[in-house]
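Chain lettering (A, B and C) follows the sequence in which the chains are written, and residue indices restart at 1 in each chain.
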């Protein structure tokens, strides 16, 4: 791989310095972004493109000032259409903004578009969007991953420096892996969910995707922290992650390899890329140890009970009465509800609502939802025990690189099964990242790092240390070389 | 009633008490009654995408205060749960309520029916959000939804099914109504819907028979209607059963025009509410210190007030009256402090003249032109003899219209009771001089003449003669 | 778990969804397979395990009782499909 294949070493810190001394301007950045968005329009990564992105106010010195970015279209943006990838909200223009939007806006970052996604964040490929699938910049015949496919594709296509995203069962990490970019899902409760359209409340978390751990740290620092409007938002101070990242040394870092995440079904090339990454870390002084997560085998089952149950309730508000799609020519209230919802929701969303309604219904609650939450406790305790022997965990993010568009659409269970390495993390509420660690042909391979609760700093620092020694995160899609 | 069956009615009540907070239970929108439609429904109340509930601590405090007042247990950990169903006045498609682990468990309402005191055990009381309202006749072919009320905090109080007549049920409700107003957790305004009752009614052929199928009567908003509805429903169920029919478990509405209950149309079979703990609201942990602070601030409760008054010799009706309204009790306490030796006098005047004048003028206690302190001033003049009972009433009327104190009115109208022996003696002498025949008749044994002569002296004194003194003086002059 | 068409219709009604009749058998089969996937939970040993409802077991924060929202009806009803006189309209509901 030659240097032409790599993006230059240039972080948001470098960009902020250039903006500060006038070497570049927000207008210039916007123009670059506009051209890049035009160039990658074929990926279908955007649902809404802001026709005239607002210039930022006077610089307050924030590192994100003047920087173009995209929101996953799950985050409400006042005055800008927010669809959650669904026909149900195809024309919804919220009069309020998500907390994370207010933070980014206050920092002076410049919103250029709302990124495409699986409808209501339910999916692992961004094919379940009412606005068409998102193509992978590395190979447009393949999926960008989901549900934050649009966010990952835009970053990989270098059309924005970072994008917001959300992760309920892997929706930041898996698309980041498929698109060769870096993504972080923080600890549940680290980022406010106010204004983030809900899928499964106890699993959903907002995060960011960028091209490096440093950039993720800067973007996450901006949006993290307590918000009184979210009763599950933790009132914990947010550490200075950049500082932690700069002072970190891999020497002595204890890395655990969770055995169940190296199970059958993982491609050999993926295992090899991850093994190579492990060697890089060991050479820098990290110590590697095998750990077990004895209850990880239940994770997919627990996830596919808890998430649909919560979703079935969270999506009951979409009834055609106060906002959203309303069916025409209805004769009575029942028809208003039933037709608006059946017309407004896609097949995958309807499937999950049905599963969730069933599992919560009379006679099934104990066996399904309650049982799944007990299993969830066991899984969380497994991680806690593993962390007695190591500081973070390392695994492949996904069993395979990006699959072809349409390949798994007819087999929802195959799609679910591919989430095997990511869902356990959401059940335990832990922070996790995916970063590129190799390629299979043109297709990126992602490495997952999992940290202890509230320890995003260590994750970002370890990821950064790895990225200082490797160049996988700088590999450009062929079309950009 | 059939001669062969001694039916027993079994009644349980569910009362939705709107808590007196200024903002909603899960949002910062206002709860004030009577606003234009949907001006007090914020994004959270409307359930707009991405909005989240944030719990109002005052609702917790009011729930705790209620629980302590009825001697219930306060849960150290309680959970908010989602009750899922579709209805236009329920914006999120679920109501945030409590299912397992409610904030209050147990407790007793002490009710009175005539002379009888009885206790109604409570199962629980839990916090939940109110739904909005619909109007069905303002729009052609459509119903209009107003979500101002959506999110108002409610305490749902559930009794055990231990009442056996409509009268008992109403007595329980009245006691509860008085209590929640007394302790300041609810304004108890039935017309505005602050206090709403559902009754569960069943009958069984004898107190030992298994419970019969029950029907729920909803949306009863006056004590009179509640009594009629329950009475009707009991009769209806007995009639059905005696005719060999079965009672269908259903929800019924009361039609006040016809005095009947009838099935609610378009009500489906039992809802499957799919309760589960709300993932957006972590468990509610109550600090014991918070409970103790609320306990320490609890006012004396109506039951204790009633007992206290009765033990002081105040009559039953007055005791009941004073114990029904916290402001009346405060007024009573002001009088009692000023005249500690005169509980009956205070109660008589408070519940008689004073309350009578308030009711006639349709004024609230707080708006009384004669304050309790001013009334105390008047009663003091009665006790010290400056005013007779009759003159005091005159003085009171004058105080009511002018806002003056008792002494000011006495001064201005010259109402002071005449007790000066010389002055009184002069009046007596002049009357005896005027009516020598009646005086002689009395002296000769016609006792009734005394009344006449007393009346004349009273008239001459413009009602200000001290009656006892006058009587004594007159008899002295007349020789017997 | 095997689901019948009637099961699917019942659950769909709970959720106010109306898949076309022709789609019911396939949907029943698909949902049945998903339930098979999750049924493995039966074999997990969870006696005495406290359910994990929210990671980190947070506790509920309390808010002060104060009115912080003003009348935003116009802005909030701008997204409404049908309103009149400030009310949201739905087909007539008979109680």
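To be clear about the criterion, a residue touches a chain if its C-beta (ideal position, glycine included) is under 8 Å from a C-beta of that chain, and two chains touch if they have at least 3 such contacts.
Just so you know, these numbers come straight off a predicted model, no measurement behind them.
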| item | value |
| --- | --- |
| Innermost chain, taking as reference the mean of every protein Cα atom displayed | C |
| A-B or A-C - the one linked by more C-beta pairs in contact | A-C |
| Inter-chain centre distance, chain B versus chain C - centres from mean C-alpha coordinates, in Å | 41 |
| Chain centre separation in whole Å, for chain C relative to chain A (CA means) | 23 |
| Mean-CA-position distance for chain B and chain A (Å) | 57 |
| Per-residue multi-chain contacts in chain B, two or more chains | 43, 46, 48, 54-55, 86, 88, 145, 147, 272, 274, 279, 281-282 |
| Sites on chain A at which at least two other chains make contact | 92, 94-95, 202, 228, 231-232, 312, 316, 319, 321-323, 333, 337, 357, 361 |
| Numbers and ranges of chain C residues touching at least 2 other chains | 14, 16, 53-54, 58, 60-61, 63, 72, 76, 79, 82, 88, 90-93 |
| Footprint of chain B on chain A - complex, ascending | 75-76, 82, 84, 89, 92, 94-96, 98, 193-198, 200-202, 228-232, 309-310, 312-313, 315-317, 319, 321-323, 333, 337, 357, 360-362, 365, 369 |
| In the complex, chain C residues that touch chain B | 14, 16, 53-54, 57-69, 71-73, 76-77, 79, 82, 84-95 |
| Chain A partner contacts - residues on chain B that touch it in the complex | 43, 46-55, 82, 84, 86, 88, 91-94, 145, 147, 272, 274-276, 279-282 |
| Residues of chain C defined as touching chain A within the complex | 7-8, 11-12, 14-19, 27, 30-31, 33-35, 37-42, 44, 46, 49-56, 58, 60-61, 63, 72, 75-76, 78-82, 88, 90-93 |
| Touching residues on chain A, where the partner in the complex is chain C | 92-95, 187-189, 202, 228, 231-232, 234-235, 295, 297-298, 300-302, 304-305, 312, 316, 319-324, 326, 330-339, 341-342, 345, 350-351, 353-355, 357-359, 361, 367-368, 370-378, 380, 412-413, 416, 427-430, 453 |
